[in-house]
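Mind looking over this structure? Questions follow.
In order of appearance the chains are A, B, C and D, and numbering begins at 1 in each one.
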Amino acid sequence: MATSIGKKLWAIAEGYIPPTSVGEGRALESHETVCMLNAGDTDAHVAITIFFSDREPAGTYRLTVPARRTLHLRFNDLEDPEPIPVDTDYASIIESDVPIVVQHTRLDSRQAELALLTTMAYSEG
Amino acid sequence: MATSIGKKLWAIAEGYIPPTSVGEGRALESHETVCMLNAGDTDAHVAITIFFSDREPAGTYRLTVPARRTLHLRFNDLEDPEPIPVDTDYASIIESDVPIVVQHTRLDSRQAELALLTTMAYSEG
Amino acid sequence: MATSIGKKLWAIAEGYIPPTSVGEGRALESHETVCMLNAGDTDAHVAITIFFSDREPAGTYRLTVPARRTLHLRFNDLEDPEPIPVDTDYASIIESDVPIVVQHTRLDSRQAELALLTTMAYSEG
Amino acid sequence: MATSIGKKLWAIAEGYIPPTSVGEGRALESHETVCMLNAGDTDAHVAITIFFSDREPAGTYRLTVPARRTLHLRFNDLEDPEPIPVDTDYASIIESDVPIVVQHTRLDSRQAELALLTTMAYSEG
């Protein structure tokens, strides 16, 4: 019943975790999210690399998106091998061993009211 | 005069229905929309499947986008076979028997002022 | 020196002109825009068709994007053969006789502060 | 370890630098950004051309995105051969000699609260 859809290599050129939030609670905390959908019947083993403007890339961050599941991962929550600094421009590459779909979303609550952005990531392969 | 354009298989990796609204009336109520355009001369029979982070997918939700029509469907309004829970991460697959174009939009009015996001969905087929 | 880039057939599944604005002046008036770039050396003759949920399509709206120019057209400003109603869901097809690039943007100032969305349109051909 | 991903020719049809800001400091100043990711092992030499509605294009603006780096360039900061006027519709073409990924983001702080938009640019080649 599951549908295999997606690509194995994705890129997000924009990345920025706002340094502050005024929103209350985790849902309204400023965050940057990579939304991954694995619609197929095989678990997806995902490797994320983070690129910066002035240093060598960070990573590899490794995680699993189970078969027929979606994972909305906050970049803020990445810790191993190192956290991503706030208030810093970055970009990311997402590689998977099976096809997935990747979308990028940011909720910015630096000011009293929130702002949102989203886009499908760029894909190949 | 009608133009056939689009694909038969689409995916949206991001999905989240805010739990609350402060906007007044249906137009400003927090909502998550899948906008479908059927520019061709044949009705589109559409099947939507919803994916979650921690359970098996929901669906199939079935609907029709008539020939030469657009349908802006709120995920909030899906009820059969089951409503989509609010405040929960999800993702969606949209399948059609004729080519359609799919775009994803969210209006978030959890706070006094609204926030908007949109992106074309990912397509294949 | 000019670079030819783009496609001849584009679609935007989302469309909605907010019925009201609180922003002052044309720049902050609620509007829905189709941004077209003609980077080539030949004028682009463009035909736009508007699709609705409950009636036959409107159009054809005809306009020219000159060689090496961009045109950011507000749907609000379309008048011939008929204006697009506000507070109504619509979608659009944009056809050109030479390659162009099409992007969709909305500025919503129904409430005190503005909200913005944008996405590249879907392309073929 | 580096992954080559992307295209050599990109276009952004939307462009607009808001004339004013109420946000405090550079991070919250209204700006329009082109985010470029060069995930490969060779420096990317990039040429940007800016298109307007009523005059010949401006440019070429030249810059380098080093190997394994991202550059989030504000259009506001372009000065050579000429600055981009504020409150003016424009569009842009980004050409690179090696594959890169390009994303477009705007932060608008004309009013008390910020608004954000983003999209992947259109690519070929």
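As a convention for this text, contacts are C-beta pairs under 8 Å (C-beta built on N, C-alpha and C of every residue); 3 or more make two chains touch, one makes a residue touch a chain.
For clarity, every value in this text was computed on a predicted model and none was experimentally measured.
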Angle, in degrees to the nearest 5, of the Cα rotation that carries chain A onto chain B: 90
Same vs different contact residues, chain C with chain D, by half of numbers used: different
Mean-CA-position distance for chain D and chain A (Å): 21
Shared-contact residues (touching 2 or more other chains) in chain C: 112-113, 115-120
Chain B-facing residues of chain A, complex: 2-3, 5-6, 23, 27-28, 33, 35-37, 39, 68-72, 101-103, 105, 112-120, 123
Contacting residues of chain B [partner chain A, same complex]: 9, 11-16, 49, 51-54, 56-57, 87, 89-91, 93, 95, 104, 106, 108, 110-113, 115-122, 124
